[in-house]
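Shared between the two complexes below is chain A, which has chain B as its partner in the first and chain C in the second.
Showing the complex of A and B:
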């Protein structure tokens, strides 16, 4: 469990998603990272029903991560989050009357997992209803749990293989009430993924305008 | 007129004492009586006193009390004539007799008076006595009946006691048995369960024993002391006793033989009062446990893959934790009758190993037994329930889950024990062989089954405070030894004994040079150069040689020390040029002051120097070379 940074890598010009992913793999292997299996992160959306006022109902996102295979995380966008056992999904089925599953909105990111000394790099293809929409890169520095201490190191590492696509310090860490020097939680990772998935979802709307 | 008078023939009771003894008023003799009565008669007052006094006297006594009461105490004159009262009484008696006579004579005529009998209830007079008698008889009869009944019952029960003594003993024994073992009744038989199934074991042995009544006893003869009315019949394959023998044997010369230990062999001490059935059942359960452990081990030995495959032969498992080391686990089951021929030479080592291994084996088998648990809780470790909410990652989850089998664990433990004992032996042999410098080992008391640690200090005697730069922390694991040096280096050594020995020797040689460095500081000498691994001089086969050069405070002398693990120690002293025996003359250097510089070297024979150890010798040398001011 360490500090994670999730960012999106734009698809290279004239290349497909798969090709960009392969390029990144090659760069990592040149760096000396070792492939260590696969990973997946997925996100399901639930609408809260029974909303008296005409406001758009709040969306509940239930996410899973292969790094924590026995847990389910439930969070509202920008709001509180909950870490629970895998049985939480069954609970959501029972709460069908209050939370309705928006089946078409399931987003997931699957890919390979590389390990480079203390760094874990996960490069995944973000797919929504089995069409690849983007590339997610997650870098985790396992040796530290305080973002403020290791952000510079992580940035430098990311620059070495991401080049210009290196992100800034994720807003999750700066938005924390206690500041940059509090230990991280798995919720921070999930919030970052949620943000990324949200961006990816919106992205699709732009090219195919008019399609909801 | 009816006068009730009775003859006082029995003595009157004066008092009844507390123990029932009655004291009677003594009867008066005739003369005493006469005197008593005479005092009562008053012949002076009556005119018709008769002469036949004695007759009347004899008749009087019983009539006395009433006339006395009738007349009252008016005429009480003690100083009167003694026959006064007698006379009065006689007179009154005569009067009454005359009256009676008159009445009778009048009645005889039947003209003026008639006699009519008064009706009397015959039952009144007669029945009180008879009734009392009958009622007493009845009550006595009832009481007697009750007592008889009770006596009958007692005799009957006593008779039954004798007969059913066996029966009652059997029940009480059965109760005792039931308090310690599980029993159930199947038809007419009583069966018991001595397996570990209730603890969660999955071993397919039924473990049923039968309880039978022991009826081959003759009550008339004397009952033997160890007689037990209850007998248990255990399954035939659990008879006798069993134990597990673990032995670690060497196959090549350099690895020590750790010997043999027997686990689960100890006979449970027969507590006073414990019956034979208890011992029998415990022995049978022990056999079952040994069988289960051995079955589990042999199953794992066949299944798991390791570099050197394990061999399972009949009732022995042979595996090789280290090359050249053989670990054999065998199940020894001996039925009770025949004595085992091999007089098991148990090397009674002061064995922490025996209890620790046995305890470990108990714990391991308990972990194999899956405890019964409610259907709602999943299999596995309890802490896995927190895995979801606490977002455990894969590393944490896998650390919680058991992935090793029993045999692997035992082999790991055996490896660790072996490695630890060999490390200890290496250090001890070095310590006893080499006196300078000294090697100290401080073993940590708190170890785990897979890891122990020891702190090794290399010091010189007398200079412990100055020269303490070589301190090593050895963490002995399952297969490797990890050495952490004081200066931060971490070195991993394999299980080979030679590696550790070489390493320690090289550290010892480095210590000598470090000691000279520290000593120089204390003595005020300047360190000119110091190297842990010199590249000059003869090549050492173990480690590297170290060297140091120190200069005296005045700068006139310098000492160079080179110490190697194999080559030993070489000390050279540099003198000023003017002390050299042969002074090379040179035209270039003419000034006399240049002769104060250091020049030639001379070797010091350390072996011939005085001093307990090397550092002491160096101190002496330094002291000798610094002249007193």
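Showing the complex of A and C:
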């Protein structure tokens, strides 16, 4: 449970999604990272029904993370979120009358997990209805829980293998009311993934990007 | 004949004495041979007995003669020089079978080695005694009877005094909190929480720091039965390195007469870790070296270095 940063890496010129992912894997292995299994993060969208007229229905996102396999996280975009155990999905089925599942909008990111000293790097292919839409990279520095403390350190690490695709400090930390120096929690990671999935949904479908 | 006084052993008389011993041996053998052979064959019994007795007497007389000759020569041989340098161990060299039992040469080597060892140990102890590195109460050297029984009182401090010193140090630094536990008897165990960076467990022995272990802020410090876990290492390599450096620090800061100064210096040094993840290394300027932040803090200047960058 450390500070995480999720970012999107653009697909390299003239290469497919899989090839870019392989390039990143190679760079990480050159650094000395060790492969440690796979990971997945998925997100399902629910429409809130029975709204007052005229207002767009609020979207509820229910997400799962392989790092916390027994938990489900539910959040509104930019709004409050909750963490529950895996039975929350069953509860959502029971709440069919209030929340309707938008089946075609499920987004997930799957890929490999690398460990380098105290860093965990997860490189995943973001797919929506079996078509690869982009690449997500999550870097977690497990030893520290304060984003303000270790941001420069993480940036230096990300530059060593992402090069110019290194992101800035995620907005989820700067937008916090208590500031940059409060401990993180798993909701921060999920909010970042939600933001990334939202961006990917709005993107056009990449040409020739069927998941192999 | 050589002068007995100048030469320790009279060599000629020695060789003559050896010949005399051989002659004596052979005459004694003749005596026993004639006894073994018994009486020779002659016509009458008397003749046989007479011949036997005559022969026997002749043999005994020759033995007597040889013995007297040997005694005369032995007085001439003289004693070996008293100032024999090798004494008893030199006798080992006199009858060597060098291939199978190289005793004497091995003995010489063992002596040379032990003399060298003694010499080096003397040099080392004189060098080490220049720095007082004692962490125990034992007095070295002369027996306790001659020296008045002076046990350093710093090892048997009352627990209230220890509590006071620790709480005073805890108040010195606002971003560091120190909690004191006594789970095993009178030894204090401190839980030092430094900001939101790390938690250190410091095991004390009266006011001396015995051991320390450093873990991350979010790691669990309690074991399953609710007590402080003072043994398991941190899960993160950065904090494992910091634990090693803290152990080096508690060996570095030493002053047996004023242990509270030592504890204060150690806590000041530990406090410099509040910016463990924020400071780049003073030498290479980077934050990470092999995935680790600058974990070394110089003992005098408290500057941050990577473990591989420190001088």
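In this text, the second predicted complex is superposed on the first by the 204 of 212 C-alpha atoms of A that agree within 3 Å, B and C clash if a C-alpha of one lies under 4 Å from a C-alpha of the other, contacts with A are read in each partner's own complex, and residues count from 1 in each chain.
Just so we're on the same page, a residue touches a chain if its C-beta (ideal position, glycine included) is under 8 Å from a C-beta of that chain, and two chains touch if they have at least 3 such contacts.
Quick caveat: nothing in here was measured; it's all calculated off a predicted structure.
Following the overlay on chain A, a clash is recorded for the pair chain B and chain C. Looking at the shared chain after the overlay, A:1 reaches both chain B and chain C.
In the superposition on chain A, contact is made by A:71 with chain B only, not with chain C.
After overlaying the two complexes on the shared chain, residue contacts for A:114 are found with neither chain B nor chain C.
Of the two partner chains, chain C is the only one that A:153 touches; chain B does not reach it. By the touch criterion defined above, A:144 lies against chain C but remains apart from chain B after alignment on the C-alpha atoms of chain A. In the superposition on chain A, contact is made by A:84 with chain B only, not with chain C.
Of the two partner chains placed around the shared chain by superposition, chain C is the only one that A:183 touches, whereas chain B remains out of contact. By the touch criterion defined above, A:173 lies against neither chain B nor chain C after alignment on the C-alpha atoms of chain A.
When the shared chain is aligned, no partner comes close enough to touch A:197: not chain B, not chain C. With chain A used to align the two structures, chain C clashes with chain B at 512-520, while the other stretches in 512-520, 530-538 or 620-628 stay clear.
Taken together, the two structures place residues 1 of chain A in contact with chain B in one case and with chain C in the other.
Those residues of chain A that touch chain B in the shared complex are 1, 67-73, 83-88, 185-186. Chain contact summary for the complex, chain B toward chain A: residues 384-385, 387-394, 397.
The touching residues of chain C, counted against chain A in their complex, run 196-197, 216-218, 235-239, 275-278, 280, 286-288, 290-293.
Residues 1, 32, 116-119, 142-146, 149-150, 152-153, 156-157, 181, 183 of chain A touch chain C in their complex.
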